[in-house]
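Read the structure below first, then the notes.
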């Protein structure tokens, strides 16, 4: 499984709707509107690394109201729980 | 449920062990070693907001090998899945 | 009680009116026009954490003349005075 | 009344005690441990502007465990409540 | 006496006239066009702290051609000369 | 006359004495301890441009307690007052 | 052989096509769409240093959809493989 | 094939040897000492995404003389040449 | 002699012509289009310090295609060659 | 001819001697101690591009008292004077 964390800066007038829109993008697990310099954090869980371009660049990056994105791809994931099960259950 | 995303800068020589140590902290859901300017991203899921200080400041912040942290607390969470169920199952 | 400190960058031509407008937003305790890189600092005091999204994102963030915001949520509050009493008296 | 907001970066190992220590400094109203790039935010309320140097530079700046400070002095304060009464009651 | 140092970023096409305009604002002592990241530095000398908002926010901040300002208020002034005399002579 | 504005970051434990020490350096007109990211602002007034190296690099830069400096040299000075008279009276 | 690494920030709406366009510029070896603060990384391999201006400034810099570039020129190249052969084969 | 670009800040006294050492790490294709804010750029070519953690975090990150790293993982690669052939020939 | 180094950010579409235009400004010695975050570096050599405002602010700063400038004035110049001769020969 | 501009941050206690030392490095044309965020600017003029690594990395970078360097290599040089003649005369 490939995980990625995408930081999102929103257009000011899109703030109220953007959370819901981002959650609808295929491959997106969770979306949080957050405190701090960024407006949203999107957590992506994908079966194959090759899906990243499609989900992040073509998907999230083009959602109406997204001004800027910065993606962090996970080298490794650590948890006391079985993330593969957790997020495939979730998918 | 209160969610938080904690960005972590690690001491150089703690990189190899820090992922596992962070995953052991009570309240931590997932830990990712990541590309980019930060070294790890920790996702926290808590039943009550008041637990944040204990889990983030006293917990994560004091783990051996953590050099600097920056926390983003979630105002709201958005997902096509029931996050409460997902992360309490996970807890 | 949940406290938050919101840093505000104002549109140049809104500077004179913005302080008063921000003080009118439900949940806002004090507003200061300040020296330094930011233009205003807003202190928010809320009975429940869940009100944050409504007061900060939907409230403060949408006030006419606000160009950019950066929110810091309090983990803990410290004072020689009873802040709950102080700010509920104030509310 | 002169108000100031002081952003504080803490020494890593002083995090747990610093909130209480800062609240003890004469002229300090409220101290918050916060999310984001800074560790604490201190709100100062003073009868006279001339007290700022004593409270901020000689007081807060020298508290054991403070690594870096950045002060924002208020030009003006805005509130639906009488801040002079609120904070002199609090003093 | 309250002193403040205001860093100014100018609109490109206002550079030639802005120095003179800023020097005309009541309370402004000296204006320098400078090397470095900022375009002008304005030194303000005021009898009372309360005048800051009027001189800096309503005065300097609204001068035609000012794009961005960043104010540093003086806690204390040090000099081998009597600044009160020097700048009241100057006023 | 050549004017320069020198921004100073101080060693934490030198804050209390540094203002006075800087004011003693030949060529320094005024020293202010200030709010914001820097700790002191020093205003230098010199008869000849060639004195800058001696006053700023060899003088101010080497004062005990100075951690970092950033100098802005004035291209031009603007004032409703005669700065040459003002600052040579002051010298 | 002269090598250079050019970091590219793209216009939001050019993301999908820009990779292919950049790869067509004479002298460009590889183009990667990447995670992090930049959108693309372009690796340039040139027979003569003098070609840099033509390939980077006149070529890459003027491709439709490029918002900002930052070039790093290689002082030296290190590899277990013969880069001259590898990249002239590739050219 | 997974490609990554790793920016490296070197310890001052390791500059002369670090290029060669980095080129010896398994999975590293090319290493360039470069102009600009970073000291080296390392280009990694891997058969499987899962090797990233081992090559970047455990490999490059631990090479003696590396002070700081920042990794950009490629979503997609674009070239007029067959990069798989080019870099597997090179491997 | 007064020397200054002026860093220039160019309007994207002025890149090709700006080097030549800058070289025509009175007092400019050399102009380089460069790698890195800035686009051009201009080296100025002047007989008198007072010419700086005219050459840098009124001259270079107003050349068509200049978006942003940052000037560094030399305190002192060091060389194995006689710079006065070298640059007056050049003037 | 290859030209490069090297920005230098100095160790505090090396400021007084570093200008002279840098001017002694083979390939260095002019050294300026400067205002602003950097301490020195070094202008390098080389017959061949390949000398850059030797002069900048092995030469300038290793001079005692140099804390940090950032090099900008010139794509092109523009001047009303013959720079090749000017700087080979100077060499």
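Couple of notes before you dig in:
Going in written order, the chains are labelled A, B, C, D, E, F, G, H, I and J, and every chain counts its residues from 1.
The rule we apply is simple: a contact is a pair of C-beta atoms (placed from the backbone, for glycine too) under 8 Å apart; a residue touches a chain by one contact, two chains touch by 3 or more.
None of the values given here were measured: they were computed from a predicted structure.
Separation of chain C from chain I in touch steps, taking the shortest path, is 2. By residue number, the contact pairs of E-F overlap by more than half with those of exactly one pair in A-G, A-D or G-H, and this pair is G-H.
Pairs B-G and F-I differ in how many C-beta pairs touch across them, and the larger number is found at F-I.
The mean-CA centres of chain G and chain J are about 26 angstrom from one another, to the nearest whole unit. Inter-chain centre distance (chain E to chain J, centres taken as mean C-alpha positions): 37 Å. Among all residues of chain I, those that touch two or more other chains are 33, 35-37, 53, 57, 70-73, 75-76. Pairs of chains meeting the touch criterion: A-B, A-C, A-D, A-G, A-H, B-C, B-D, B-G, B-H, C-D, C-E, C-F, D-E, D-F, E-F, E-I, E-J, F-I, F-J, G-H, G-I, G-J, H-I, H-J, I-J. Contact residues of chain I toward chain G in the complex are 12, 15-16, 33, 35-37.
Partner chain A is touched in their complex by these residues of chain H: 2, 49, 52-53, 56-57, 73, 75-76.
Within the complex formed with chain G, the chain H residues making contact are 3, 5, 19-20, 22-24, 28-36, 38, 41, 43, 70-81, 83, 86, 89-91. Of all residues in chain H, those touching chain B in their complex are 4, 53, 57-58, 61-62, 66-67, 70-73.
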